[in-house]
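What follows is chain A paired twice: with chain B in the first complex and chain C in the second.
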Partner chain A sequence: MGETVTFRVHRYKQGDAAPHQDTFQVETEPRTTVLDALTAIRRTQDPSLTLRHSCFHASCGTCAMKVNGREVLACVTNVRELGTAEVVVEPLENAPLVSDLVVEMAPFFARYNAIDRPLVRESELVPGAQRAPGVERALRYEDCIECGICVSVCPIAGTDPDYLGPAALAAADRVREEPRGRDLPFVLSLADDPHGVWRCHAAFECTEACPSNVDPAGHIMQLRRALIGGRLRRLFAPRAEVGR
Partner chain B sequence: MTVVHRSPAPHVVIVGGGGTGGALALDLALRGLRVTLVERGEITSGTTGRHHGLLHSGARYAVNDPESAAECIQENQLLRRVAPGSFEENDGLFVGLDEEDMAYGEKLFAACGETGIPARWLSAAEALRLEPNLNPALKGAIQVPDATFDAMRLPLRWFATAKAHGALIQPFCEVTSLIVHDKCVTGVRGRDHRTERDFEISADIVVNASGPWAEKVAAMAGVDVPIQPSPGVLLALRGRFCNMVINRMHKSGDGDIVVPQRALSIVGTSSWIVDDPDDLGVPEDHVQKMYEEGAKLIPAVRSAPFRQAWSAARPLIGSRGAATGRELSRTFKCFDHMERDGVEGFVTISGGKGTTARAMAETTADVVCRKLGVDAPCRTRDTVLLPHTAYYTA
Partner chain C sequence: MSERAVTPARQAPPRGRRRGVLGWLDVRGRRLGGWAFILNRVTGLGVLFYLYLHLIVLSQLAAGPSSWNALLNWFLNPIFLVLDVVLLAGLLIHGLNGIRLTLVEFGLVVSRQKALLLAFGTVGVIVLLIGALRFLSDVGAK
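Up next, the complex of A and B:
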């Protein structure tokens, strides 16, 4: 059953002149994921390897990284299904490097937190279901798992450090769809900015790569339509309503 | 003129960045202590992040372990107050599939009443109206206040709030030895894997909050704690088949729960014993068992698209050795190694579960404060937590 796969892993420690790659041989089974392989490397070959992980089932978003050049969650990336004799593992792009495969998520969350979209949304019930007595609203977590993949693949995020980015803009559109007590005009003002929705070039890389079906590009387009609609309404509104 | 030199607050080093360590860092920081938490990897990368996300009502333990059940319902209600917006608050059902289940259900219902867990019988027809994907052959169900929480994001709120109160959280810092002088632990030594430089941190007390790794950390102080890592397999399927947490109405067994979470359904769990909590594996027969048993509750489980199967190691407290430590509950234990082993400055907290992490931290902080002569009440029962995202930006 065992099959040996070569892993080339991005290495960097603070103070190093430059990153390099280390090569490891890992014994794999049919279920082995890239995350399993990396934790096995840490256990049996190099305890200094740093990486982020938590849930092991695509719910927490911490193990986002580049595998063979593509952004994925390592926990749901099966090694054998990659079909390559060598697996290259690198950290996410468009985020400051901490060490090895770990990137600093603070800039991501600084933008994301500005939008302040609630974690839980009022859910559509399972089809045909009724709400249970005593349960006021059926609740469900938002789909976004804050992994940073959409920002890593975004061609704009790579060139405009002030761009709000797909995750935050998708969150802004979720506030528009379901404000849940948030300050919607303020959130829309953040999105309606040269570094907001108007900066997106509609490459749709984010939607393509999102492991949680958030469709950030779709949300950005919806947000643009809503903002344009709002402007047109103001343009044709009676003067008194416009104020000033 | 007299100058009063206020000596700095005592310093506590916590080894282990799981939910317990995070809640403890907050508890101690709120009581005015200086806190440094060191974790080998990313925080919540051990057992904490890997469970199914059930916020226990306590009903699962009501029949056989009422003390634990009472702890769960208390924390269940308390956490909803201090961590608003963190839960899918859709309640849970215990579903009876045969007469044996229904007989257990009678005991369960009575035990819920005795332990203060709100519970309500539903007929099979009523249960199917709430959850149309349940096995249509069900005989009846009991509704209880179970909920879903995000196994990483709820603990992150403790870490975020602890940081905001001055606690220093150091991920990727692996403890390699404890500094011990004359049977007294005075600090930790280790390596920061972000820089590959060694560190040494002195402490008035070191708390071992390393879950299933607790035995390894305790051994660095020359003491033995009876922790038995016991993994279970969990299965994540794409799609939500229920809104409520669905439990089998019988005593704990393999594959007896389906937890809806975000766009996934989690089926859990099994149980076995390992020596090394870093080497768990995912036994194929356990995965198949999750499909089989889960499908008895919700038939759609059998053909649902696979997302992932994984294992998580519970830190069970074994019975080996003379457990003369301060036994604080049947479900978790805080060992003051001075009382138990004659080693000063060293405390181990282990056992327990995600739902009771805050209570574990409170109990441990009480022990730490008593040892340090600090007179400060616990404040984590009513301190509303910062959002999880503040962990990254605080």
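Up next, the complex of A and C:
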């Protein structure tokens, strides 16, 4: 059965004095997602509504936004399951706003690239599996879908614009776990910085909000442990040598 | 380098969306760890304020025994005993969460941090109830 839901959508265009909210009525079905509703608004009510999306199944991470105050992937957020007659849709926090629901992701990706995280890895091939012609080896993506939700929910990213951020630091820890030829000392030097792992205050919002179970906060803590261990080893190594 | 091309730096759009310090007080969508983060900051500031207040009160010792005793009698007012309960709550939240954070931030019991938070929360509530009964029984006795 169709059910009309009110959407209050954040609106902002370059040059506007301030953002505002527009209200739309959308007919929803039991399986309608927030992304379905937003694309319907753009198709039938306001073509100027700007949003970013691609895969519609939680793989690409492009449709991350705030729905009723909580960061989610709009493509897998069921409108009816929200349980509210009115749905408030806003862009991610802690990123420059481009338009309506779209934020600038360039700073996020720049930090990711600085870490030089291996974005793809060799899969554990099933014995006897056939590869497509011309494909020398099978690759799959790491679990992070680079949606930016972890940075949006992070209270520290909200106050420190130079903070490396949960995603990049989790990536740094993945490099520590599996360097695969990457420049590990350089990556650790990026993380071992006042704006790196030491800035995190363990709110664990990133881990709770991550739609891909990356556990960024857990990685940050493991990275801290590794860095502290390295410092302690350096501290006591000369004494051990003296004792020999 | 990674397979992904580095996105060229662009001029930042005019309007940023950064939560800022006041964003710490935005409770919408906040999860358990986020609440602990906020409470740790609020109680930290509260305990710091109390520390200075305490030093100011102690400075009254220099004014002599009669002045000090009069001040102590004033602090037996029920309002101050209720504030003692608030102080105890702040100390418990900040102290117990501080122990949890120390463990977690050294990379220990990271996977159990939420269970640790709930366990310390339970201990804190029990101690707070005992303390509150103790303090407020003094109010009843007056």
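Everything that follows uses one rule, which is that the second predicted complex is superposed on the first by the 218 of 244 C-alpha atoms of A that agree within 3 Å, B and C clash if a C-alpha of one lies under 4 Å from a C-alpha of the other, contacts with A are read in each partner's own complex, and residues count from 1 in each chain.
Definition applied: a residue touches a chain if its C-beta (ideal position, glycine included) is under 8 Å from a C-beta of that chain, and two chains touch if they have at least 3 such contacts.
Just so you know, these numbers come straight off a predicted model, no measurement behind them.
In the overlay built on the shared chain, the residue A:155 is in contact with chain C alone; chain B does not reach it. Look at A:110: by the touch rule set out above, it reaches both chain B and chain C. In the superposed model, A:77 makes contact with neither chain B nor chain C.
When the shared chain is aligned, chain C comes close enough to touch A:224, but chain B does not. Touch criterion met: A:94 reaches chain C, while chain B stays clear of it. Contact with chain B, but none with chain C, is seen for A:51 once the two complexes are overlaid on the shared chain.
When the shared chain is aligned, no partner comes close enough to touch A:28: not chain B, not chain C.
Of the two partner chains, chain B is the only one touched by A:39; chain C is not. Contacts of A:130 after superposition on the shared chain: chain B is touched, whereas chain C is not.
Counting contacts by the rule stated earlier, residues 14, 98, 105-106, 109-110, 112-113, 116, 118-120 of chain A appear in both its interface with chain B and its interface with chain C.
Chain A meets chain C in the complex at residues 12, 14, 19, 66, 68-71, 91-98, 103-106, 109-110, 112-113, 116-120, 153, 155, 158-159, 161, 200-205, 207-209, 217-218, 221-222, 224-226, 228.
By the touch rule above, chain B contacts chain A in their complex via residues 41-42, 44-45, 48-50, 53, 85-91, 120, 129-133, 143, 148, 150-153, 172, 174, 191, 193-196, 234, 236, 240-244, 260-264, 266, 278-279, 282, 284, 307-310, 312, 387-390, 392-393.
Across the interface of their complex, chain A is touched by residues 1-4, 6-10, 12-21, 23-24, 28-34, 36-37, 101, 104-108, 110-111, 113-114 of chain C.
By the touch criterion given at the top, residues 13-15, 31, 33, 39, 43, 47-60, 62, 75-76, 98-100, 102, 105-106, 108-110, 112-113, 116, 118-120, 123, 125-135, 138-143, 145-146, 212-213 of chain A touch chain B in their complex.
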